[in-house]
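Below are structures written as structure tokens.
Presented sequentially are two complexes of chain A, the first with chain B as partner and the second with chain C.
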Partner chain A sequence: MPATYEPIATTTLGSATATISFTSISSAYTDLRLVLTGTHETTAATVRMQVNSDTGTNYSFTELSGDGATATSARSTSSARINCGNANFNNTLPSLITVDWFSYAGSTNKTCLVTTSQDRNGSGVVYRTVGLWRSTSAITSIQMFPSTGNFATGTTATLYGILRA
Partner chain B sequence: MSPISSTLANASAYGYRTLAAAAAGAYESIASVTGTGSSGTITFSSIPSTYTSLQIRYQSQSVAAGNAFNLYFNNDTATNYTLHRLYGNGATVTAGGSVSQSGIATDSQSSGPSATSPVVGIIDIHNYAVTTQNKTVRCIAGVDKNGSGDINLVSGLWLNTAAVNRIDFILGASSFTTTTTFALYGIKGA
Partner chain C sequence: MPVTYQLIASNVLSSNVASITFSAIPSTYTDLVLRASVRKNQATTATEFYIKPNSDSGSNYSFTMVYGTGSVATTSSFASNTNGLLIRYIDGTSNTANTFSSSEIYIPNYNSTATKPISSFSVEENNTTSATMAVQAHLYAGTSAITSLLIGVPSLTILAGSSFYLYGIKNS
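Then we have the complex of A and B:
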């Protein structure tokens, strides 16, 4: 059986940076998986995602979250980005974000699953999100950026390609 | 941006290649099935027992919008399945469970796909080939339709200790579209 789940690129920040981008993504795979772990430079922020540098209101997402006491579901329609959590990406303890884009080079609108996890030894949140980009274009780039400020030095993101038989 | 490593070659120099290589070698593509537009069944048969875990990644739509599917092992359509679910529909969170089910509903349950918004999901089946344990399934699935949709977390159980050698996904009604893809992967143990 052919091995897959191949690393495409890794970025580890050597200085505080506003946006982590993966560009020139080939269409050679079926799905994409992005794994990001790190902190914010100064504050708590929401990590946001766009693809193909599309800043239009062509995204929507539905999320399920728990904070150790309460479970919540929320939605954003005709949004300019997909949120990966909500103001939980802080400057003290790392968060883990995974993003799976399915059939990213196919002919349908593009759907992703996002997991956002952070525990702060007494507080924290877990998010599970489904996101939609209303475009039939192939995804060729992904942009991850905090709602304000910068990712901190040492924040790491890796993009994998998964190919079906 | 000032990355210290932004390519595989650079990543290798900083030690990331080890992780990458391990992931690539342990995760293999077994088979994939594309919807035909005229059938409501997706089947993986003759699944080898050479892996520790299976993972299925899917993007699904039905010809008649809104139809969900069930998962079945080894052609067993008797009431030998149970499940628990946690899902959010953008406004409320619901938890539930069912016993004596004739399949595992791993799909979006409160909404279903539309013509422009597929359901996507990842299903993990651990220890699928052992013959001493019932089989447990974990799934995350969801659909967003820019104003409706849901995100689902599901655990399922097949009350059978047989090795899993066949998996079927069967729609409650309608057919899988030609844009539907189900891909089966095997994950090796050490």
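Then we have the complex of A and C:
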């Protein structure tokens, strides 16, 4: 297998933290993959994502989700972030979130695919989200943060670089 | 930088079997990825194959999923089941001949002794009136590090030509 899938950085929280950031991301790869597993410190929240610390309304996203009772699709335009699921990132059972940013260093607007897995013994929710960041700048940093409060101690996030073979 | 996405083991079936096992999975990785191409000997609409970490048959498995059949999107869930991680949907013998479903399962922190969230995406395409794609959020409540994966189909067999590739991902 070509040496094409490499860890860029990883963090396991030693204390509750409001934002997990990956900074100074090299442009040496083709795509990025972020894997986050963890819980919220105290409550249920939505994990949100921004890139390059851009807090402007430069994002949009479309979601497909199911909670065992209702299958739903929703979208948000001119948003100030991309949501990675909804308010099911809680403090009792772990969630898995993966994010793939495609051609993150290119000169076109940037798209991503988010998977959010939050089963709660049959009462949780599963999400697939496509996101857009309307910027032609290369992505050099990624910020992940709960809509309220902190990620709990032990939450782990890893950023991988994928290089075309 | 180390190479981090590596093949641990594979199994391409040359004959029909009830199950296969990936055993002695090394603890040197952070996450596991299983890629499977599966068909089973079920004449009616096929549903699933199972994965049992460490051959665990306790009531430690649940999932929530959303799926589409080509005409409607639906959701369902399953709590406290003993049948393993149920990966839906897969091709059976009523589907287009010589067609195998495709599935990817992501198991993070498999060395952890905590409950594990798991993601899967499976497609069962075939040239009939209904085909299904499903995304699932699983929860495995087993609290041992995963050292083996037992893979099978309940009361039936996995057909020859099915293939399973297990990869390890290292985060450092």
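By our rule, the second predicted complex is superposed on the first by the 163 of 165 C-alpha atoms of A that agree within 3 Å, B and C clash if a C-alpha of one lies under 4 Å from a C-alpha of the other, contacts with A are read in each partner's own complex, and residues count from 1 in each chain.
The rule is simple: contacts are C-beta pairs under 8 Å (C-beta built on N, C-alpha and C of every residue); 3 or more make two chains touch, one makes a residue touch a chain.
Keep in mind that this is a model prediction, so the values were computed, not measured.
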item: Clash or fit (per the criteria above) of chain B with chain C on chain A; value: clash
item: Chain A residues touched by each partner, larger count belonging to chain B or chain C; value: B
item: Touching partner for A:A80 - first (chain B), second (chain C), both, neither; value: neither
item: Touched partner set for A:V125, first chain B, second chain C, both or neither; value: second
item: First, second, both or neither for A:T37, with chain B first and chain C second; value: second
item: Touching partner for A:L93 - first (chain B), second (chain C), both, neither; value: second
item: First, second, both or neither for A:Y5, with chain B first and chain C second; value: both
item: Touched partner set for A:S117, first chain B, second chain C, both or neither; value: second
item: Which of chain B and chain C A:Y160 touches, first, second, both or neither; value: both
item: Chain B versus chain C as contact partner of A:A69, first or second or both or neither; value: second
item: Shared contact residues on chain A - chain B and chain C; value: 1, 3-8, 10, 64-65, 71, 73, 115, 128, 158, 160
item: Chain A-facing residues of chain B, complex; value: 1-8, 10-11, 14, 16-17, 20, 23-32, 57-59, 61, 86-93, 116-122, 140-147, 149-151, 153, 179, 181, 183-186
item: Complex contact set, residues of chain A against chain B; value: 1-15, 17-21, 30-31, 60-65, 71-75, 77-78, 100, 102-103, 106-109, 111-113, 115, 128-132, 134, 158, 160, 162-165
item: Contact footprint of chain A on chain C as seen in their complex; value: 1-7, 30-31, 62-67, 73-80, 106, 108-109, 114-119, 121, 135-139, 141, 169-172
item: Touching residues on chain A, where the partner in the complex is chain C; value: 1, 3-8, 10, 35, 37, 64-71, 73, 93-96, 98, 115-126, 128, 156, 158, 160
